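Structure first, then comments.
Labels run A, B, C and D following the written order; every chain starts at residue 1.
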């Protein structure tokens, strides 16, 4: 598994908010070690009589040894929250928040690109390693099974779909990562593929792309050059009209490279097995592993 | 969010980008007066959120105030159909009346955020005045790109590099670099997702002017630009899209007859692809969005069936944050009001899928519950054949 | 460049940093009127470019407009001597009259550029109202620093971290973070080299106010802040330093009797060190600066001998960009006008040193040419003994 | 020698200006390969009938293979010039310009710190490798001799003084680098010491510091930890009053660490030989080498 495992100690930024509290609860129920919450002004209290709340990330990390952060802070304050986590020394940050201005993400990425930190998201479902009962995100935990398939995706529910199909096909997951639907994200397909490449627990990878940008083409180049495990790829949005934002801020066709057919072509040429239809992710992976 | 050319140009001018003299008219009389003030010979431009205006007759060059008035009569209150609009076109409620500028050369200039470079990129081309996608296809070597690293922001040398590469005369380079820098300031300070001047023209006397202007603003940054939302023109959007926006539902109008309601953007796109692959046409993209409750689901359902083209509905829910039982209750609620006779195919999976199906079954609504996408397609085809 | 407290506070207020109500007075009558307006009980503060005003009697708290007038009479037109000024002190031509603010706690807040971290650093301390160097010496643990990376700039969490670390009450933290952010905006947008609030006070009713304010502006950034130079108060500087500034000569007034004229800042500092080591006292630091020509050298010479304390002169030139022959001609030119009877020791080395020495020898000026620093010292000591 | 040698091909930014032209001439006379000049608007001309002038650094590098830049552009335009040189792929940049706002230098440094480029200065005399007859700066060339002593200094004329004394003492120089007198410079003592440490041509180093900042203390820490050659150090400004700018923007005592005595103490403790008086740089080095 990659990024999160049994040693992951999670601090939830925005734990006293509605969404933050709801999902912190569910993560804990799944088995995740939620060791702290952070809400400025609420330091010194206990959340749900269980989790200590701190005013700052620096305090939270110092007091609890948290090494992973899950962010539910509203968009206007989310950049601040991410950067606070980075400077507090957090190694893996999952930012669920949707609606961060793209130019904020540009700055955030520029700041952390040379630091030892993985930012998953923003605008993502988070990540989960079922084998470690470690869920750092908003995905339904019960569809996952421990196993050897890595999943990396720009989407939320479509990832759940993929996971459910894998589980149904008898294929458990090593780690599933939703990199997020924004045009600029902290982590791209290539970053996650590099980790899966080195991960002995991962035998094959499901990659789920969509229209907009060129992250799938970058993934294709990396797969062709260096990736050693079978990849099964699905790219959605083939029928989306150009110039329209399809839900995700990043899912908008603004040029040739943003089209699904271009992405599919690049991935196929790189040796990935293309999923013929969204209903056949699980079986395609099963077939790909047999070869 | 798209805004009108005249709005973009007003912002450009505030940032020191030269634009032609002109004014906005809502009536033919106003158009005449502006033309009068500008000396007679003007261009009258329909203000619509769609490219391809010129070929569609939305831009008229005229020689007198009277002719400007006539041109405005021909445009105002009409719908303009371009290759970027549907057959119903977009309404013209304002025209921009501008002086006619003599043109020596037409250039292209734009700034977008490059998701791979993770930074703004300035795009320049000496092949201005054309659709830049066409230039990219035919003359990719004529498209220049300069990445603006967020640490240092725009630097004059970036503008000079572009200006020299576009083969601008040496005397114009400094001015061009300034305009490029100003466009970058617009892009950053106004939180744009696209800032485009096409064409940027060089006049015979060596001046540079933004003859057209396009500015898309980042919806996600409205919270720090209180005035941006006022620039919106809901008339230019599909009414259902505008309505969806109020409820924070992502809805995009399409041309088919299969109404779609899905939770999650990726799953919604996948759903469209599946429908298309089965040679059916989706009527819309709809992502209920995160944090949906019963009321939001009901609202989404209302939107789907409000489209008169919709003849059948496909609801695809993967329960996660939005539980299937909640989605089912929302559907039951909306159906109770609407009593639509349309066939509804529902696929539910994930959290509380069983409860959701039970609720739908118990409700007496004539839904067809299916287990997977394949079956969903089969059912949709079946109901479509009748 | 240093500016006055009242100027700094006016800028702070523009950036949303709360400062006490008050006004600037040039006459006792004005001081009385301001005090009247503020309700009587006020503090009258001498506006000088020097720390240690309080202990030196430059700050007076009074209970009535009449007393404010009296306090102004006692300060205006006088020279204030603090531990940071020379014995001659600095002139007081304005006083700041402000409401008296009740103080619960005094904090320290400042921003400087850290040359090692190569970024602005925000310094905070709960031990405000004291000389921060003293705090640093006695309670280094009470000095907090936050580096502001230029990529992301100030972020609210940096302010919160500092505020919590200064043990501010939770209810005040957000406001403190805002003030810290605003001070950072002052620092960046005004191109400051120091922005300091000491003390930043917390009032019993939970408000934060900048009770004192200090802002040093980057001289090198004047080209992009056209109004900055108008904030200068030449009266507060040594007249010779002001004069030198006009000619772009670096001159710092010192207390000794050995006038120094050197090319290059490092060599000039080395020269001071050498003189001091020989138990002589330099009268000034003077770096002729880059690109010096004959006229500039002559001007520098005039500055050195214009100081009435100067009894002997040491000229130390290493010819590079400034050639020794040019320097020699400049000296000859200035000497010709001034005819000072002062002994002048000259050491020349580097480009055209021989020519320079020749020119001086031929000029008939009674200079003592020496070969190295050792000999220069010996000569200076010899002329000093007479 | 370090940074510049017989393969150094110099482009002069601002060659058509008074200062730029004057020093380009002198560099060429010394032996430096000046292969190009850059002045926007003057592209296509020949400077002094010898050196091609280009409008942009990108053109200059592409056409002439320049790998080093010498900048004389006035302060308001110097940041632009430095960044243009960085983006054109120049490896060694010497910026002579004085008077760049410190916050500009902060940005410049942040941008280039992870790039393969050495920025010497701003506000510096440049650098010279006498053995290669390569002078990229404004120092008088004729005081230098080829040899094995490295010189690194925050000062201009004081460096010439040091070099003259070394030459007089029979000690030639491998490379002399003036890192500049601003509080924020592209290169610090430590960066240059690291290069001298690895340079087989350099046997010992003269380090010349001054009041202000803490660059000398950083150098001391590095010398103590890793530097393998004799260091002779001079720190000037012991008698400067606090709070006054002594010529250089960086030469101002604002705290304890900025004082000369602190710097001298740190360097002495690190094993450097302290020069007793500015007149004894040469002889001190000679003595240090004998040990």
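Going forward, a contact is a pair of C-beta atoms (placed from the backbone, for glycine too) under 8 Å apart; a residue touches a chain by one contact, two chains touch by 3 or more.
All values reported here derive from a predicted model rather than from experimental measurement.
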Between C-D and A-C, the pair with more C-beta contacts: C-D
Where subunit A and subunit D are represented by their mean Cα positions, the distance between them in whole Å: 47
Distance between chain centroids, defined by C-alpha means - subunit B, subunit D (Å): 53
Subunit C-subunit D separation of Cα centroids, rounded to whole Å: 28
Subunit B, residues touching no fewer than two other chains: 149-151
Where subunit A touches two or more other chains at once, by residue number: 107, 110
Chain contact topology (line, ring, star, complete or other): other
In contact (per the touch rule at the top): chain pairs: A-B, A-C, B-C, B-D, C-D
In the complex, subunit B residues that touch subunit D: 149, 151-152, 155-157, 160-161, 164, 170, 173-174
Subunit B residues touching subunit C - in the complex, by the definition given at the top: 150-151
Subunit B residues touching subunit A - in the complex, by the definition given at the top: 84, 112-113, 115-116, 118-120, 133, 136-137, 149-151, 188, 191, 193-194, 218, 220-221, 223-224, 250, 252, 254, 262-277, 282, 285, 287, 289-291, 318-321, 349-351, 372-374
Complex interface listing, subunit D residues touching subunit B: 40-41, 43, 55-59, 77, 79-81, 83-84, 87, 107-108, 110-111
Interface residues, subunit A side, partner subunit B - complex: 19, 75-76, 98-103, 105-107, 109-110, 113, 125, 138-140, 142-143, 153-161, 164, 181, 183-184, 208, 210-215, 218, 234, 236-241, 243-251, 254-256, 260, 277-279
